[in-house]
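The following blocks contain the structures, represented as structure tokens.
In the two complexes that follow, chain A is the common piece, with chain B as its partner first and chain C second.
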Partner chain A sequence: MYQTTYHRASSVDEAVSLFGKSSEAKFLAGGQTLLPVMKQRLASPSDVIDLGKIKELQGVELSGDTLTIKAATTYYDIMTNADVKKAIPAIAHLTSVLGDPAVRYRGTIGGSIANNDPAADFPAALLALGATVKTNKRSIAAEDFFQGLFTTALEDGELITAVSFPVPAKAGYEKMRHPASRFALTGVFVAQTKSGEVRVAATGASQSGVMRVPVIEAALKANWSPAAVDGVSISANGLLADIHGTAEYRANLIKVMAQRAVSAAG
Partner chain B sequence: MGVEGIGARVVRKEDKRFITGKGRYVDDIKLTGMTYAHFIRSPHAHAKVRKIDSSAALKMPGVVAVLTGQQIVDDKVGNLICGWAITSKDGSPMKMGAWPAMAPETVRFVGQAVAVVIAESKNLARDAAEAVVVDYEELPAVADVHAAIKSGAPQLHPEAPGNQVYDWVIGDEGAVNAAFAKAANVVKLDVTNNRLAPNAMEPRAAIADYDAAEEHFTLYTTSQNPHVARLVLSAFYNIAPEHKLRVIAPDVGGGFGSKIFIYPEEMVALWASKKVGRPVKWTGDRTEAFLTDAHGRDHVTHAEMAFDANNKITGFKVKTYANFGAYMSLFSSSVPTYLYATLLSGQYNIPAIHAEVIGVYTNTTPVDAYRGAGRPEASYLIERLMETAARQLKVDPAELRRSNFITQFPHQTPVIMAYDTGDFNASLDAAMKAIDYAGFPARKAKAKADGKLRGIGVSCYIEACGIAPSKAVGSLGAGVGLWESAEVRVNPVGTIEILTGSHSHGQGHETTFCQLVAERLGVPISQVSIVHGDTDKVQFGMGTYGSRSAAVGLTAILKAMEKMESKAKKIAAHALEASEADIVIENGEFKVTGTDKAIALPMVALAAYTAHNLPDGMEPGLKESAFYDPTNFTFPAGTYICELEVDSGTGKTSFVNFVAADDFGRLINPMIVEGQVHGGLVQGIGQALLEHAIYDANGQPVTASFMDYAMPRADDVPSFNLSHTTTLCPGNPLGIKGCGEAGAIGASAAVINAITDAIGKNNLEMPATPDRVWRTIHAA
Partner chain C sequence: MSTVKLTVNGKAVAVDVEDRTLLVQLLRDHLNLTGTHVGCDTSQCGACVVHMDGKAVKSCTMLAGQADGSTITTIEGIAKGDELHPMQAAFRDNHGLQCGYCTPGMIMSAIDIVHRHGGQLDEATVRSELEGNICRCTGYHNIVKAVLDAAGRMKVSQAAE
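Our next item is the complex of A and B:
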């Protein structure tokens, strides 16, 4: 690891202020990506601003039909939260299959979506549920937030404070784990909103990062059942291919995981 | 057996320090004035080193030195050696490409060191390494064995035309051809045995400390065999004569074979310590482990088996291409030859076998022994072939095996090995019963009704362990004898130290070796300590690998114990005014049999050291040593059966049951044996389902981190159902066969046989990743 200056911020304002004063700062949430990358000397921030002790970034709130998860809430805390389990159990399930226990104790929802790894689990949930990303400056629809591999709508120094999820009528997430990293080789989140809209998002599959799957959405809109997806054809064009999965395999997984997610959603 | 004697499930003595963080590994050691080494490694698979400019690095803070490959050559440090001479079928010796500890001119795999920075801290060394400018001229590279032997392929070594290490044969080709000419059926199979990265939990590390006044070196290193390291460093690398070199292997966190070998980093640390006049420490990181720890396996094989009309095997022919990587590692030459082809008879009565093994250089990390070393490759090949044969011949796979089992012992195979004992039917029966083999068709049918693909796979393995009779391996080209030595010191207060040449790096020797003492003397194991891993303490040793520590190392301890006991009995008899023949040892006392006269061991020991009243002519002291050279290999064998389900939608495998019935001869500590089997099975399953060290066509490693290289985790494997059948090994007095490698040798074939049974297709390579299984299911 290169030399860096560590700061522990006690508020969002202080974190943002520290960021502005540094030449090349990085916000540190759970550190599940940033710290390994720094240890490998692939990142060399001048300053690291730790968000882990900022109280206003912690916790979950359920208010009417909106579930809000603060940005620095850990996966473990999300997974075990009673409001999450009650309002959107698919999110609790997603968190339970994310990484391994060590990752879940440290990693956070804000860190995950800010990094926007193309195989991360949470971006699929945000996109399928039509979530809103709250920052210290504004609100951004999930649709606009994710902008390709490791790219988001966040501006320099902009800090995610929370994610708000509209509580759906039904939702499910199923994932084929990457055998080495335990990211999603392909994961599919399906949701039926209370107004009857069907949204399906796949992660780990596309060369462009998390994506909606319109053909499956159309099939499920017509008939919310696993069988409805049987006849759908997913193109392998534009899908990721690596030693753990060909593009054709990932195309198949989009379909199979979608079917299983519908079963799980009920 | 006493509560702590042979056969007792004694809790491991060493675990207290390991699980409380008190283990003392190389990286825990800090010496006064210690410097830190960071290696500059080639990013290219094949390149000329045109120039190394370290001028900027030398000006950086804390930099002590930047040393290059040319300097190590100029100082006449020897090239790395391969210690087992193999002769090709045309009579020519194997072709060794020169391997300097750091490359002065040419790099031949990604990760090969070209220079080293020595600095005041690890971080400063890394900083300076980034400022060293190495000018490379890239050369064409080749990573695949078949590509490497094509005409026009990039050539690695001038010494090895066509990238060929050797073309070696074993067996009677004429007899095999005759068998095939008369065969009723011939079964053919092509298999690839995937390359693995060993991934011991503790990365390799070394600290070298040169004492200029004494012209003496001390090396702390992660070694499975510190005496072998000292021998090789002294005899071949011109580091220092043996009496001026102490090698210490303290606690070592796993080896699996990868820490047998003497690597460039230890040599460079020793040489650099003398050059800079200070201790030099190097601790590898995980990336360096992936790039530079000797890999395992990597065979491509075509095999054919001939059967008569009664489904008896009549002949077996094998052609294997073995990928050596860029250089010949210490025992690499023996792994795909004498540790592989000599096991091709498996558990079967095969009258004629012929194998040809072609060793090939490629621009990849060197390949050497890894848990099982040649025997997993042999066992996998035979057991995949037996399964394929059963399907082709339309007979039950278990019964095809049974009808070909060797049942008379000793049995001389056509490929050198003489199996001393075994009962292959017993282990097959035990495993079939444990998994309810007879009930499988019903379970498969039920699974099918539920939309699941269920399969069962059998694997009947045999291995040659207890490595090894020195004369025999010497006649086959080994550069060393493979005996073991031990010393028993009874201290004047009656406590006991066992000094052993075996080395424990996870095997639990500190417990099992004590159990032998407890068994023989009836003393608690708390009175006994095991000393190992230090060439200044232990007289000599060949180390731990090849499942040899109990069969060979413990037998050496037994021999030393017998000498010590004989002397102690004379002392006791003298003190008790009895005949030596009437003395028996029980519960820590020397008793006159049939009387109540007794003298406790501490009193005997004290008598030995005070020497006030010893029998006439007896030397004082109670300390004996022994060397033990086995007369044959040992032959652990067993049956593994795996039942699993494949998800046809994803290709993912889920275990239903995994049973192992092993014959290891006598067990010293069944709990530790079970742990060894569990670990081995997980490694075998890892190879079958997950692990694969992959290079692209240009020799760039694709799997150099745990983000890409899939290690098995607890939730990837089932709970194992273990049992033992026992035939005692006649070759050593304790009847031990060894248990360290069996799981890794036998498991892979059981898994692949089960998956191919489930999906109804025979050809499936390892690792059977979900993607690969899914594509195989849906292939036309």
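Our next item is the complex of A and C:
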């Protein structure tokens, strides 16, 4: 790892102010992606600003039909939270199959979405549930937030403070896990909103990162059942292909994972 | 440079380290606690797992500064004098180590697993919970046996306390 200067912020304002004073700073939440990348010298921030001790970035709130998860809440705290399990059990499930136990103790929802790895799990949940990303400056709809591989709408120095999810009528998430990295080879999050809208998002599949899957949404809107997806055809155009799977394989995985997610959602 | 203050295996320590120092480097290079291993250095293998405030974390994937003010327990801190921790004893009795390189991380993760699951452990749960710890001797069979054995022993020893 290259030299860096470590700062610990005690509030969002302090974190943003420290960021502004540094030449090339990075916010450090759980560090489960940033630190491995720094160790490989693929990132060399002049300063890292630790968000881990900022109380206003921790915790979960359920208010009416909105579940709000603060940005630096760890995966472990999310998957074991009673409000999450009650309001959107699919999020508790998604979090429980993410990384491994040691990673779940440290990694955070804000870190996951700020990084926007094309195979990360949380972006699929945000997009399918129509979540809103709250920052120190504004609110951003999930549709506008994710902008391609490792790219988001965040401006330099803008800090995610929370994610708000509308509580759906039904939701499910299933993924084919890469056996070594535990990232999603392809993962699909399905949701039926309380107003009857169906939204489906796939991660790990597209060359442009997390994406909606309109053909499956239409099929499930007509008939919310795994069988409804049988006849759907997914194009392999624009899907990822690597040593782990071809684009055609991932196209098929989108269907299969969507069917399993619908089964899980009930 | 920063001063990092920690409690490690029951002792308060203050260590001056470069800001880029990882927790595992502080433990091994500054405190000479070399029981905690570095295996992959890419956050995948779990040889470096220690307990921070009771939670099993990868000490190669934390800056020492992030651990400031916390309580750390390493593999050196779990036995009571000459009496092995029940998890250590179970690993020995079940031949849960071959080359031994992954063992410190395995044991620290396994203790955390038992704490979280209590008496609810079965083989499938142990196997899935150990996915962050890699044994390149592939000696998982006896490791899983050891964890299940230790889960029983830890319940008994907790009841006795």
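The rule we apply is simple: the second predicted complex is superposed on the first by the 266 of 266 C-alpha atoms of A that agree within 3 Å, B and C clash if a C-alpha of one lies under 4 Å from a C-alpha of the other, contacts with A are read in each partner's own complex, and residues count from 1 in each chain.
We take it that a residue touches a chain if its C-beta (ideal position, glycine included) is under 8 Å from a C-beta of that chain, and two chains touch if they have at least 3 such contacts.
Just so it is clear, the structure is predicted and the values come from calculations on it, not from any experiment.
Visitor: Looking at the overlay, does A:V210 come into contact with chain B only (first), chain C only (second), both, or neither?
Guide: neither
Visitor: Taking the superposition on A as described, I'd like to know which of chain B and chain C A:L240 touches: first, second, both or neither.
Guide: neither
Visitor: Can A:L35 be said to touch chain B (first), chain C (second), both, or neither?
Guide: second
Visitor: For A:L51, using the defined touch cut-off, is the partner it touches chain B, chain C, both, or neither? Pick first, second, both or neither.
Guide: A:L51 sits against neither chain B nor chain C.
Visitor: Is A:A142 contacted by the first partner chain B, the second partner chain C, both or neither?
Guide: Neither partner.
Visitor: If we overlay the two complexes on their shared chain A, which of chain B and chain C does A:A265 touch? Say first, second, both or neither.
Guide: Neither partner.
Visitor: Kindly classify A:L253 by the partners it touches after superposition: chain B alone (first), chain C alone (second), both, or neither?
Guide: first
Visitor: Check whether A:A43 is in contact with chain B, with chain C, with both or with neither, and answer first, second, both or neither.
Guide: Neither partner.
Visitor: Residues of chain A touched: more by chain B or chain C?
Guide: Result: the larger residue contact count on chain A belongs to C.
Visitor: Could you give the residue numbers on chain A that contact chain B in one complex and chain C in the other?
Guide: Chain A residues touching both partners: 1-2, 40, 100, 180-181.
Visitor: Using the touch rule from the top, collect the residues of chain A that touch chain C in their complex.
Guide: For this pair, the touching residues of chain A are 1-6, 8, 28, 31-32, 35-36, 38-40, 48, 50, 52, 76, 99-103, 105-106, 180-182.
Visitor: Mind pulling up the chain B residues that touch chain A in the complex?
Guide: My answer: residues 123, 126-127, 130, 287, 649-652, 689-690, 692, 694, 702-703, 706-711, 713, 716, 769-771, 774-775.
Visitor: Per the contact definition, I'd like the list of chain A residues that touch chain B in the complex.
Guide: That would be residues 1-2, 40-41, 100, 176, 179-181, 185, 243-246, 248-249, 252-253, 256, 259-260 of chain A.
Visitor: If we count contacts the way the header does, which residues on chain C are in touch with chain A in the complex?
Guide: Per the stated touch rule, the residues are 2, 18-20, 22, 41-44, 46, 49, 55-58, 60-63, 65-66, 68, 109, 112-113, 129, 131-133.
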